[in-house]
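What follows is a pair of complexes built around chain A, which joins chain B in one and chain C in the other.
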Partner chain A sequence: MKGKGTVMMALAAVLCLVLAGSVQAQAPAAKNVVIGFTASQTGKLNVEGMRQINGLNLWMERVNAAGGVKLADGSVVKFTSKFYDDESNKGRVQEFYTKLINDDKANFLVSPYSSGLTDAAAVIAQQNNRIMITAGAASDSTYKKGFTLVYQTYTPASRYLTGAVDILAKLDPKAKKIAIVHEKDKFSTDVVNDLKQYAEGKGYQIVLFEGYDAGTTDFAPFINKFPKDVDAIMGGGHFADTSTFAKQLHEKGIKPTVVALLVAPPEPKFAELGEAAVGIIGASQWEPAAKYSPEAAKAKNLEWFGPTVAEFVEAYTKKFNEEPSYHSAGGFVAGLLIEKAIAKAGSIDTEKVKAALDAMDIMTFYGHLKFDNTPAAHGLQVGHDMIYIQWQKDPKGALVKEVVWPEEAKTKDVIPMPKKK
Partner chain B sequence: MKALQRFGFWLPVLFILIWGLYILTVRQDSAREQAFTLLMFVGLASSLNILLGYTGYVSFGHIVFFGLGGYSGFYFLSAHNLPLLLSALLGGVVSAILAGLIGLAVLRLRGAYFALATIGVNEAARAFVSNFEPFGGATGLFVNYSVYQGFGGPGPALWRTFIYLWLIVLITVIISYVIKNSRFGLGLLAIREDEDAAMVMGVKAPRAKTLAFMFSAFFPGVIGTLYFFKNGNVEPGDAFSLHMSIEMLVMVMLGGMGTVFGPVIGAVAYQGLRGFLLTSPLFKNLHLAIAGVFLLLIVLFVPAGAIGWLRERFLKLRKVLE
Partner chain C sequence: MQLLTSLIDGLLIGFVYGVAAVGLTLIWGVMSVINLSHGPVMALGMFSTYLLFTNLGVNPYLALIAVAVFGLVLGLVIYAVAVHRVISAPHLSSLLATFAVNMIIIGIGTAVFSTSPHNIDFSLGSIYLGPIILPAARLLAAVAAILFTVLLYLFLYFTRPGKAIRAVANNRMAAELMGIPSAQVLALSFGIGTALAAVAGGLIATFFPFTILSGGPYELKSFVICVLGGLGNPLGALLGGLLLGGLEGLIPTFMPVSWVPVLEFGLFILVLLVKPSGLLGAKT
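Here is the complex of A and B:
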């Protein structure tokens, strides 16, 4: 009898184990979603590229710590990332994206930093039916090429400086003349071509429209061509040339109502120009001082998603010991978009997530996000607006970067360029 | 037809032939992409070798032909809807013609003066394209994604581009061999050793150098068109990168200047190493430093390049390694 009892007990134990196993098998296992991208760790775009990675990593840490994203079948997805250094050049971008998809099994992709690199990567994303969120690819042309799986986080180049024309209209309704001087590279040329069209559409006269080569240090030939009664000067290119341009405008005493320039003004280093920086307006994708909030979302009848501006700035500053730039915010928001779309779709299937992205219309700490879903410009960012900053003096005379446009995000009113005493 | 009986001819040809066939057999996208990068540099280095290796003229401007030829081919493709292969070949022809014209001016210079002039040509070409509206000026040119649908989707389009590249690189290496072993090639080698003496011996140096320049420029033009088509766009910055020109010189010297197989090995070794370092979890943050140390060691200890060193060290190999 003793033997029989032992056998029965053993059977019962086995049964328990099997039952436990089947119960365990019923609870869906956590899925791992791989976000693949190439980043400009080295090369000319490395500062922007590294900040973007920092932003994305911070998002990943946050979403994983919060338990991941729950799918419709009850399972949970958590995120990991895989990336390679594209050295800021196009040479290996397609090779790396193919490797990320085929060897590293990336489920979703984030774009490289610039438009040219993104165009090359998008071909591979489409070939392999992978969604790619772009951060740093501002040119409109990328989204007008017929891609169906590419989504933009940045405000496109065509709307990069158009707000400056609206600012001019607000400051001086009688203003008529705008001069445009820009660097001859893809990004700046794209921006000013659309700026010119927009300004002319509003009835402004473009009195000067000229490009300069990268690395130009003497802007006197352009400055000498400005008519005395010019109302606004717009354009620029990258940090070094734009700062020099602003400095030389100040030295020559050129003070129209509005001076709005690309890239350089939002950088904290621009303050080193001192007096020459005062009144200069710059376009930025995002600023830590931006006042997007759940209340602002409610007022616009939009859903709010993700951390508040303050939470993002605090978490980023704590982790990386520097204030986040718009590149950092772009990296974070690229992840946030994937998270929101997966949550809404309840799946990681490309078609379902694509449908969720096509229908997306939300506000985050980074601003309003909505994509064009027409075949002509699929994925183009139509919700997000540029933020315009202006260097102003506080009561103590110190230079302060204030957000002056759009109205819902401003920290101070925009002022006309102070005239030289 | 003597070439067909020589091992030195078959070694590089078989190497590229089998490599391409292997990629077509395994049909993996990752393998194709990696092979595309390597083969592209094999073609570029081999074409540069026709000028650098055979005539001894150091050109920092070889990328001009990749850029201008590629731009022209891409223009025919995007603006005039010509077929890919025809556009690529036309890109090559434009490159060769430009090389003929540029050569008339700069090939009169020798040594460092020639090298400096080629850097100038590169910058001039970039400035020209940045301001040339039919080529899109500073914003460059692009093809619509629907172009790939004509090939049956982006996948088949990328495979087709790979096959064209593979064949053109194969032809580059064959032409490189044929030139080296022809009367014309002997004239070039004579120019390399002593141009004045060669002219005294009856080599028509200006004509021979210009022809070599045109041959070496044709292939980058074709390769450029294929590469830009694959990327879907072209901008002045990508097309005229001085950095790539220098890399080509490094690859030729690494493998062995003036040999047929050398640039093939140099390009595969250099770009293969760079690719490995860039994707290796262990080295990916140090890839530039490691690649630099390798190059330094090679330049210090194997200045004749891999094939050059083998030919010097083992005399019997001279019959086998061209």
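Here is the complex of A and C:
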């Protein structure tokens, strides 16, 4: 009997060793998490869409190269992507996101570029219980439809230009009159409606509030209507019309304290306006010159996560041979948010990752990120601020794009428009 | 003061509208062809000025001479290829032929230049007349527009080819019987019409950004102006241009700018109803 017992114990010991060995052998095996999205590789949004995807791919490359994300059970998660070309077409987006979820078994989703396409995709994500991080989608309305799994990386349209009012208050506390002239498309109209409300709430008088059609080239009829003592001119629309507007303001000698316009000023091509560009302020989701840093995060009592601005810009420029735009930064940060949320949740379970996203309050190279948790606007970005750039002249007289707002990102102090000589 | 500034702004641009419309009305007056390639030719005028300025450093106002020659040659080519064979056919044929030219120019232009806006980076600054500030580019454009109109007038009234054009416009058959080679005169008229369109495009390019599609709105304005002034009447077209420009300047001082096209086209319909021959009477 004794001999039999010894044999049994020896067998048990061997079994334990084998089992332990198998557990040890299984632990490093990486789980594969699929990030699904559609990319506007073709169609009218292909430039912005591709930059967003470049940013996302760069994030994926970096996180996988760094060994992935470790979960609570000790296992490691690595990421792969699955995507289709949506042709910048709203009609194709829903079909592809359904396919990504059902056929390709995507665990997490990233939105297409633009508010319109994202709005269509978000419904599918919510219906299929998948978390979607949206990039390139500034419109507020998507987050006011009762979705609980859609999270925004961009500063919403409603806060797109409101910082310009704060800049005006800083530059001239006595300023009273603001004129708003804007393109009559949905995005610009949404932005200026909220801007008007914000400015009026701060006690400013809106002396002109008028829209213009897409493709307008002659702004003299609007400019002639500005009162002589107008303190700020705000609005604009897309690149062509906004840069023409800025040029004609200069030709007409209109120099109020603040001129803040949509979309065009952050583009490097805006500098071609020469003297007409000096002093013009523009809003951008992100700029490579932004000074977000771990120190700035500490000062605001926030956790820092991910690469620094310089690291991101260097890695992106090296890989794609161009400086990253805010579209690229948006794509990267969408991935970064998924990474951080999985790391915090220690799981890839939708509910646990959702809880981590709901509690998210961090600073990255892209700025502060925090989401609205109220049922009325769940997922709306409430932490991130627009970056305001201003074209200024360096000591040699060359035009330089400086980040002037918010304080934690600025490279130079904001200046009033130089008055005509 | 705002009223005066707006009126002057409108009138200055009205001169340029006028030149474009004179080109269109000349073609109509001489050969009864509604030229739907007028807009794209204006856009080519914009790009010609742009290319001469950007690549060769030619002053945009001097470049207008080359642009006029280019427009003339282009007009002769368009006439020979697309218009000549259908000149005696019903209006629909020439309408479709010039529309085809319109599509070809836009197609090639889009492939070559894309539809991204281009801009001639040539600033002349502004002229300060007391409280009135006028962009110098608009003032020069108006002067150039007047100059080209005077040249056209001198050509039509004091040169043999000019007189031949007027004779053909008046009565083609009678002119042919008098030994005027009508085919050559028609080609020349088409050439001069497109040259004026190209020049108008070149002038617009000196102060507004443009794409290959930018000629469209000006072509539409040219039609309105021609009807206002009287189809086929060059002087009427110039005055119609001034009237339209003046309205575009004045209307926004009383109401939102978006009302401008409403009132413009309202006036267009009113003229068609009340005086279809135009304010100065059409040449038949």
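Operating definition for what follows: the second predicted complex is superposed on the first by the 394 of 421 C-alpha atoms of A that agree within 3 Å, B and C clash if a C-alpha of one lies under 4 Å from a C-alpha of the other, contacts with A are read in each partner's own complex, and residues count from 1 in each chain.
Just so it is clear, a residue touches a chain if its C-beta (ideal position, glycine included) is under 8 Å from a C-beta of that chain, and two chains touch if they have at least 3 such contacts.
Worth saying up front: this structure is predicted, and the values here are computed from it rather than measured.
Superimposing the complexes on chain A yields a three-chain arrangement in which chain B and chain C fit side by side. By the touch criterion stated above, A:222 is placed in contact with chain C alone, chain B being left untouched. When the two complexes are overlaid on their common chain A, residue A:127 makes contact with chain B while staying clear of chain C.
With chain A as the common frame, chain A serves as the apex of an angle whose CA-centre rays point to chain B and chain C; its value is 60 degrees, to a multiple of 10. After overlaying the two complexes on the shared chain, residue contacts for A:84 are found with chain B alone; chain C is out of touch.
When both complexes are overlaid on chain A, the residue A:239 reaches chain C alone and has no touch with chain B.
Within the superposed three-chain model, A:145 lies in touch with chain B and out of touch with chain C [touch as defined at top]. When both complexes are overlaid on chain A, the residue A:213 reaches chain B and chain C alike. Taking chain B and chain C in turn and counting the residues of chain A each one touches, the greater count comes from B. Applying the stated contact rule after C-alpha superposition, one finds that A:172 touches neither chain B nor chain C.
Once both complexes are placed on a shared chain A, the shortest Cα to Cα gap between chain B and chain C comes to 7 Å.
Residues 184, 211, 213 of chain A are contacted both by chain B in one complex and by chain C in the other.
Those residues of chain A whose C-beta lies close enough to touch chain B in the complex are 41-42, 84-85, 87, 89-96, 98-99, 101-103, 116, 119-120, 122-124, 126-128, 139, 141, 145-147, 184-186, 188-190, 211, 213. Chain C contributes residues 2, 5-6, 9, 13, 117, 119, 121, 123, 125-126, 128, 133, 135, 137, 208-211, 214, 217, 248-249, 251-253, 256-258, 260 to its touches with chain A in the complex. Of all the residues in chain B, the ones that touch chain A in their complex are 28-30, 32-34, 36-37, 127, 130-131, 137-140, 142-146, 148, 153-155, 158, 230-233, 235, 237-238, 241, 243-244, 275, 278-279, 284-285, 287-288.
On the side of chain A, the complex with chain C involves touching residues 184, 210-213, 215, 217-218, 220-222, 224-225, 239-240, 243-244, 248, 251-253, 272, 274-276.
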